[in-house]
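What follows is a pair of complexes built around subunit A, which joins subunit B in one and subunit C in the other.
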Partner chain A sequence: CRHEAASVVVSSRSYADFTPEATFDIKKVDLHRLEEGPPLTSTLTREDGLKYYRTMQTIRRMELKADQLYKQKIIRGFCHLYDGQEACAVGIEGGITLSDHLITAYRAHGYTLTRGGTVREIMAELTGRREGIAKGKGGSMHMYTKNFYGGNGIVGAQVPLGAGVALACKYLGTDQLCVSLYGDGAANQGQIFETYNMASLWKLPIIFICENNQYGMGTSVERASASTEYYKRGDFIPGLRVDGMDVLCVREATKFAADHCRSGKGPILMELQTYRYHGHSMSDPGVSYRTREEIQEVRSKSDPISMLKDRMLSNNMASVEELKEIDIEVRKEIEDAAQFATTDPEPPLDDLCSHIYANEKSFEVRGATPWTKLTSHS
Partner chain B sequence: MASLRSFLRSGKTFVILFVVTSCASVFQVNVRDALNQAMDEELERDERVFLLGEEVAQYDGAYKVSRGLWKKYGDKRIIDTPITEMGFAGIAVGAAFAGLRPICEFMTWNFSMQAIDQVINSAAKTYYMSAGFQTVPIVFRGPNGSSAGVAAQHSQCFAAWYGHCPGLKVVSPWNSEDARGLLKAAIRDDNPVVFLENEMMYGVPFELSEEMMHKDFVIPIGKAKVERQGTHITLVSHSRCVGFCLDAAAVLAKEGVECEVVNLRTIRPLDVDTIEASVMKTGNLVTVEGGWPQYGVGAEICARIMEGPAFNYLDAPAVRVTGVDIPMPYAKILEDHSVPQIKDIIFSVKKVLNM
Partner chain C sequence: MAASARLLFRGAGLKAYTANVNSGAQSSFGTTLLRLSPNCSSQTKTQIKHASHFTYHPDPVPTMYGPTTKMNLFQSVTSALDNTLASDPTAVIFGEDVAFGGVFRCTVGLRDKYGKDRVFNTPLCEQGIVGFGIGAAAAGATAIAEIQFADYIYPAFDQIVNEAAKYRYRSGNLFDCGNLTIRAPWGCVGHGSLYHSQSPEAFFAHCPGIKIVIPRGPVQCKGLLLSCIEDHNPCIFFEPKILYRAAVEQVPTEAYTIPLSQAEVLQEGSDVTLVAWGTQIHVLREVVSMAQEKLGVSCELIDLQTILPWDTETVCKSVAKTGRLLISHEAPVTGGFAAEISSTVQTPVHTLNQTDSNLSTMAKTRELCKDIRDKIVDQHKAGMGYRTIGQQLGEKATTVGAIIRKWKKFKKTVNLPQSGAPCKFSPRGASVIMRKVRDQPRTIHRTWSVT
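And then the complex of A and B:
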């Protein structure tokens, strides 16, 4: 009852008091082989602001909960967390639509969410349960939704896959494009350069995005790359270097890149300068190759959620209470999801051999011994 | 053919029909043309099918298997790639993710090693990892195994390596009927198929019936074929070696030994039932393959026979005839002694039968 009253108060305030939209100055983008870049300002509506805030906060809390569950050994194996990089996933989605396509590597929980997955099914996949988004068959690195092709475990392999998706978009005559993400570590992979070449030759509608979080596992960019100007590494492909901690910067750059692709000009490359608070994965404390001071500095000066929050509050686009309300709702959603992910049963053993082949009648699969005859269903 | 055309022009229609019908019951088609026609028909049938690879378009194919296709279908559907296997195999798999039905040619399967991660990790495993959400309807094809004088780096057989991996279908045609029916089946299959051709077979003609020339003629993947009935011993083989087995069987028949020759057609899933039924009939088994012996196709067949009901019917241990366990040498005399020959098959049969 009190909650209802509070929300009535909030909503009656919103019509009268809040600024419906505001324009913000955003950091200039470094350009490679481009005469013009994205605009230097970005207009944010209150509605979008609240949406971005909620989504980034959801990713943040979901990742922190995953950290907790991993330490309790309820999540096992690989777990690569995205906290700190939220502005990238959310900003990119703000510049494209769900009918566009996206593929990334293994730091994929945030993208699974922005691409239509629910926290519940993501967490249940992490805990390996039957209601997981991949029915417990994939785990952290292998989550899929419509127009989202994972979640890929092999560094760099996702980039040519993304170009293939882009080829299909062009082939089928749609207006769609594919966003193909990779990290600063992957940026040196040969297959990525092979993909730059073919994407350019064939003018594929692909946006290459390098999420440069400064470290490829334990190796800093200076120790891995002869050139750390990742936005230029596409050579003949036009590039932009963007502040990846600012959701509005990312959004404007993505819109610009999307326009470039959709006008048939072929590929474009974006480097998002971002940062991960966690180590490479849950097995990496993340402080042997960087200082705690560095992490703390980014947190205090460049946190993407704080940046958006400050902008909205200082422009009267939302109230402190309203944002706190969102925080509470997000926390509850995560708690419920974690609860579900911990109690949902594991996949049935009948499912062990399923999904080997598509559209095939059931067949026998050899088990661990010649007498163990298992069945595969499509 | 020219006389037939002038006959047609002359207007004597019903006489021509009679002539055409009685001539059309059997066609001489070599393996290359069988593959070509299969691809042509499938490209026509389904707009989502396309071919990419090195030299497949304007060069008409390194081995001319895709001759004429670029002229007919154009740049959109027949795509020349740069020499970047890992990249274009990945692109092909991504296109399959997004709803197209690519045929990805490797100029030879040796070059697939550059792209093997895309074949295994991106293609084969994805349907399973996504719990049935993401299909990968792709065909990887190209010549496999030994050729003539191309030496070690260009002569490896990949049947065992790819046959090892769940999620893939691995097909190894021998003759034109196999090539045509299995390639059509592979292209229509919603799963990743590794299609292992053989360069030495491309130019070899075989008879195809009218039924086989029908545009919907497909051979089921996962079914072996008994090419020759026999009673004394079973020879199981795939690809070019099937021909050697038939030749060996002809020689042995003169000595009163009747060999049953089984053409695997598919490496994975392996048609164990057909092999077992044959072994239970003959009581003896020799496998024949071009690949290396260790951890090979023959090894798998022998293991399965040991583990199944057919073991009790064996009168002697099952034996494998394989390529010699060495990198392929260049000099002709050495190369000839690196691959299984007909005399090796005959020798092994006699040993097994204690003749």
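And then the complex of A and C:
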């Protein structure tokens, strides 16, 4: 059939006709207390390009699916979506390795994926089922994988934690670092400044990243912060302000920051200027504090996936059909995952009180009435 | 963000709550078994969902405070704040997102009415909000701070406990922050999970110098909030978030106060004292009517209202009358405020959390005091028979036997809460009682003669 023929044609063209790699100009990065910044160009290989495209598309589709499932009340509770900010998660992961550590706040679905989670596990966690990445007990805000410390509900509380992880890296001499993310709203929390001080004093290998999506819930940055130059807020910590909608920009900046940390120079701060298309969470329509035109404008001018796609197509690094095929595969993957997430059984009642403590004998926990007892297993 | 308030009531279970507003006491079982929604597959049909519910019981219309209008809980908060800003030119309201009206709509319209220098947003910094509030209060302003959820109050814990509570004391009454009131949404809401459902009153109860107040409905809320604002001590006012929309009453439009540290006896009774605050009052109201109907037990229901300093007199007097106490609250059992109440009252109690209390502790025989019970056990250990012991101490042999059996089984002579359904009566005894009550539903324990 025609489709088959087209795919045959594509595969026979893949090695001969596509550019294996290309160099792109990227936006200059604003610097604070730094002489030099990341390079102004970035080289992207075809492989990496397709990988980033696939991952970003997966995140985008996954978030939109979560939106759908939430509206169908299959996902309950709280759900904070990451679409629009995909370049941040993918770019950061491109600049570090899976053996480095990362911690973020509640808008964590994208990071769970880039840090090694599968879409199936993530969606099952959103629907609170057995096969979820946190065994169905965490939900949207509490997802974890190896070297990914979540998924944290209390705003700002994850940053000192990240410093602790960084200390462990330094202490154990592993040459790993920790990436600690927070948002523009959290940037005004006191504990973040305490962390800046500790990290600088002890030269911890930590990259502070402020994902500035312009709005802390419904409050725009001008109304929340005396200084909206979040990359300078670290004061004595060198800072970079990066275009967070361009995956290559984020990647180069992260690489630069990682080198800075690994060479023992101490912490560094990155502000990623990005944007979220959805509201703060599923209960926020997202249009009472910003205009639909603004959202549309960002979508049309700076969408991270479109930007990457245009770059690759205009430099002949991939064909339209190939990218379409990736889209179709991604869609299928998400559909399967959603199907799995709705049909997987919920965790057994025995699990409800487990893991309150560790290494304790099983003890009884009072249930909803004094005569229903649940057992806590460690 | 106005939409966030809507979310809280989008859950399927809550349709039941709002439908039951204003419908008074209902005699349904407290634990409802819900079928899973049709969305879930056949694999999960065998799992049964348990859900708790409560039915909101509105207060009668108050007549002594002037004209009233229909308001729900968040509107009663707005009304109280409106009255305060109107009468007190130093009053200011601040917190996260309060300017547009707040995530629960408690401050809607106030900024437009009183200006942006009196109702303003703070950045995301609870410690800063409370610290700032303490300073503003100390300087003479009536500061009303909002913490967006009680779950977020912990960064401000140091400021509240170490600064606000001790300011007057450590300055020898030279300075104080009595003008400070902190408001926070509190308690279970159904889908709040770890960080939108907490009831932290017990943490703060351990701190002299502050007051903690929790209302059960709009009329109480407005009166108590105005009292807190007027009170010359820093107050924390927890508002049950599940009642923001579900609780609708006729609330006076003028300002009025309800005294702090005074528990309210909502219903008089003779067999057992029930104490609760906030949402649990409505659960216990249902329990009271269930107990009366099905078990013939007369309950005295007390709303504690002020957690700190709490009205020990009313509670103790009531327990002295009934001899039994049952406390219900949402927070964890260990170290929860019920522990404080029960230890103060110092009679054998049952402390319960959350949902129903199964008052199958029916018409009892007189409970013997611990000394006599210990004496019985000692005498039995020495080799005396039941009848002999009974004759010696003037008790029935069957009573003696029961005490000794209990001691043999549990190794204790005290009546402590035990797992499993309470089993004071043998099944035969229970059927005797049930038969009597079925024949004569108006049987009360005083007319009972138990053999």
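Rule of thumb we're sticking to: the second predicted complex is superposed on the first by the 370 of 378 C-alpha atoms of A that agree within 3 Å, B and C clash if a C-alpha of one lies under 4 Å from a C-alpha of the other, contacts with A are read in each partner's own complex, and residues count from 1 in each chain.
One rule holds in what follows: a residue touches a chain if its C-beta (ideal position, glycine included) is under 8 Å from a C-beta of that chain, and two chains touch if they have at least 3 such contacts.
Everything quoted here is computed from the prediction, not taken from an experiment.
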item	value
Combined model on subunit A: subunit C and subunit B, fit or clash	clash
Touching partner for A:191 - first (subunit B), second (subunit C), both, neither	both
Which of subunit B and subunit C A:225 touches, first, second, both or neither	second
First, second, both or neither for A:358, with subunit B first and subunit C second	first
Which superposed partner A:370 touches (first subunit B, second subunit C, both, neither)	both
Touched partner set for A:172, first subunit B, second subunit C, both or neither	first
Subunit B versus subunit C as contact partner of A:134, first or second or both or neither	first
Subunit B versus subunit C as contact partner of A:331, first or second or both or neither	neither
First, second, both or neither for A:203, with subunit B first and subunit C second	neither
Subunit B versus subunit C as contact partner of A:159, first or second or both or neither	first
Contacts on subunit A seen with subunit B and repeated with subunit C across the two complexes	153-154, 190-191, 370
Subunit A-facing residues of subunit C, complex	1-4, 6-7, 10-12, 31, 37, 39-41, 43-44, 47, 50, 52, 96-97, 100, 121, 123-125, 127-128, 151-152, 155, 191, 193-196, 333, 350, 352-356, 358, 417, 419-421
List of subunit A residues in touch with subunit B within their complex	101, 103, 134-138, 142, 144, 149-150, 152-154, 157, 159-169, 171-172, 178, 190-191, 194-195, 197-198, 201-202, 354-360, 363, 365, 370, 378
Subunit C-facing residues of subunit A, complex	72-74, 76-78, 139, 141, 153-156, 185-186, 188-191, 216-219, 223-225, 279-285, 288-289, 342-343, 345-346, 364, 366, 368-371, 373
List of subunit B residues in touch with subunit A within their complex	50, 76, 79, 81-82, 84, 86-100, 102, 117-118, 121-122, 127-135, 137, 166-167, 169, 190-191, 269, 307-308
